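Read the structure below first, then the notes.
The chains carry the letters A, B and C, assigned in the order they are written, with residues numbered from 1 in each.
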Amino acid sequence: MSKSSTVTVRETPAGAAAAKTGALVVHADTITIETDERIQLIDLTDRLMALVRGSGVREGIVSVWSMHTTCAVFINEAQVALHADIKRVLEQMVARDAEWLHNDPDHSDCDRMNADSHLRAMLLGHSLTAQVTGGEPVLGQWQRILMAELDGPRARTLRVQVMGIA
Amino acid sequence: MSKSSTVTVRETPAGAAAAKTGALVVHADTITIETDERIQLIDLTDRLMALVRGSGVREGIVSVWSMHTTCAVFINEAQVALHADIKRVLEQMVARDAEWLHNDPDHSDCDRMNADSHLRAMLLGHSLTAQVTGGEPVLGQWQRILMAELDGPRARTLRVQVMGIA
Amino acid sequence: MSKSSTVTVRETPAGAAAAKTGALVVHADTITIETDERIQLIDLTDRLMALVRGSGVREGIVSVWSMHTTCAVFINEAQVALHADIKRVLEQMVARDAEWLHNDPDHSDCDRMNADSHLRAMLLGHSLTAQVTGGEPVLGQWQRILMAELDGPRARTLRVQVMGIA
């Protein structure tokens, strides 16, 4: 199993940039993913880089939005060992079986037993807004855009909106 | 007490959308809320949907920003049982009475005894940036925009800015 | 040592604002910081206010993006006592020495022993998107934009992009 972290490579460096101006362009896509496990970390970066490059926006922002309450989006490295640590710290902070009221049929009509999924997603966040420059997302060398499936397996949708100057 | 989660209903579905272009419009409002309890979760979604619909922006983003350090904004479901679980996990992660230095008059001139409030807000986040399409915020069926009062009761202000193409 | 929290003062109040329109301007800068300690909280607010004021953007948003995976950006107060509490809660939630796989040479090629840094940054977040009005960031009186060095000392870069109407 790989011990390495995936490297992000932009075509051009992302430093300071003189002001640019123009009409606003807004372009949206969706990413759909079928997850396989209850807790699963998926690297969205390559898909996102392709969407931004194809959007026509050169300078602006990109919003990556999970359409779900138990599926999170956040930045970190893509490495097998680190992802095992992420799953471990999520269980430490929010135990799966801790008599949550959301899982109690006397108090909740949700029968998925996924209180932990909601609480973990709350801590990780459901969206990211990244910068776009030179037609690509701004990401540091080791930064990857990760999705955390917290109540899988199931079908997940993220809406990606790029906004800026063409 | 209701066992259900509140459903979010947009007037039109929020999927992929062909690129749109136009002049940038920026519109801002404030939401003011008087909270009643020390820890209280409030569903802002209906207020926010009305503000975005009234803004004149069709495609773009909306920023919801808490003007405070002990009042958070985040996405999750609006359900009584889940909200009890959220309050429980906040107390587990950040105990109210744990001899925090921020509560110690020898180290801090704040007399509100609200160190826990600051730390919990730090974990939940103070703002959200959502997408706007078809003149409405993009939210999944079960997603609600929630405010967490963490040091109430008091008066709270959130600034809502919509930005995009009219 | 100071018991006070730093106050944020805008030149004009940040309330509701009638819709403004115009061409989109995008301006980017970088902030570079040499940190001195392993865990260190740095107040970026003054630097950020100067960058936004100098950007030429009057109404819009500013994105503050850490280019790293072990350096976070978040909102809270700038007070010595509170910052000691933040460091304490980070150690409570994510222990530095807990046999993380990311620190295990049999599983990971990273030799920085910084699994805790990655996990803490994941919980705090790596970026903020704030509103801009009247040519300044929108911040409440007690809100400061804080950077958390979690694996220092080292050189850190944040990219700041201002986007909106001139």
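Here is the rule we go by: contacts are C-beta pairs under 8 Å (C-beta built on N, C-alpha and C of every residue); 3 or more make two chains touch, one makes a residue touch a chain.
Remember, predicted model here, so these are calculated numbers, not experimental data.
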Item checked: Copy pair chain A, chain B: interface residue numbering same or different (half cut) -> different
Check: How much rotation, in degrees rounded to the nearest 5, is required to superimpose chain A onto chain C on the basis of Cα coordinates?
Finding: 120
Notebook entry, point to check: In whole angstrom, how far does the Cα centroid of chain A sit from the Cα centroid of chain B?
Noted result: 19
Checklist line | Multi-partner residues of chain A (each touching 2 or more other chains) | finding: 23-24, 61, 93, 123, 125, 129
Next item on the list: Quick one: which bits of chain C touch chain B in the complex? Just the residue numbers, please.
Entry: 1, 3-5, 14-24, 59-61, 74-77, 79-82, 84-86, 88-89, 93, 123-125, 128-131, 133, 138-143, 164-165
Notebook entry, point to check: Which positions of chain B touch chain C when the two form their complex?
Noted result: 23-30, 55-56, 61, 63, 65-69, 93-94, 100-102, 104, 107-110, 115, 118-119, 121-123, 125-127, 129, 157, 159, 161, 163, 166
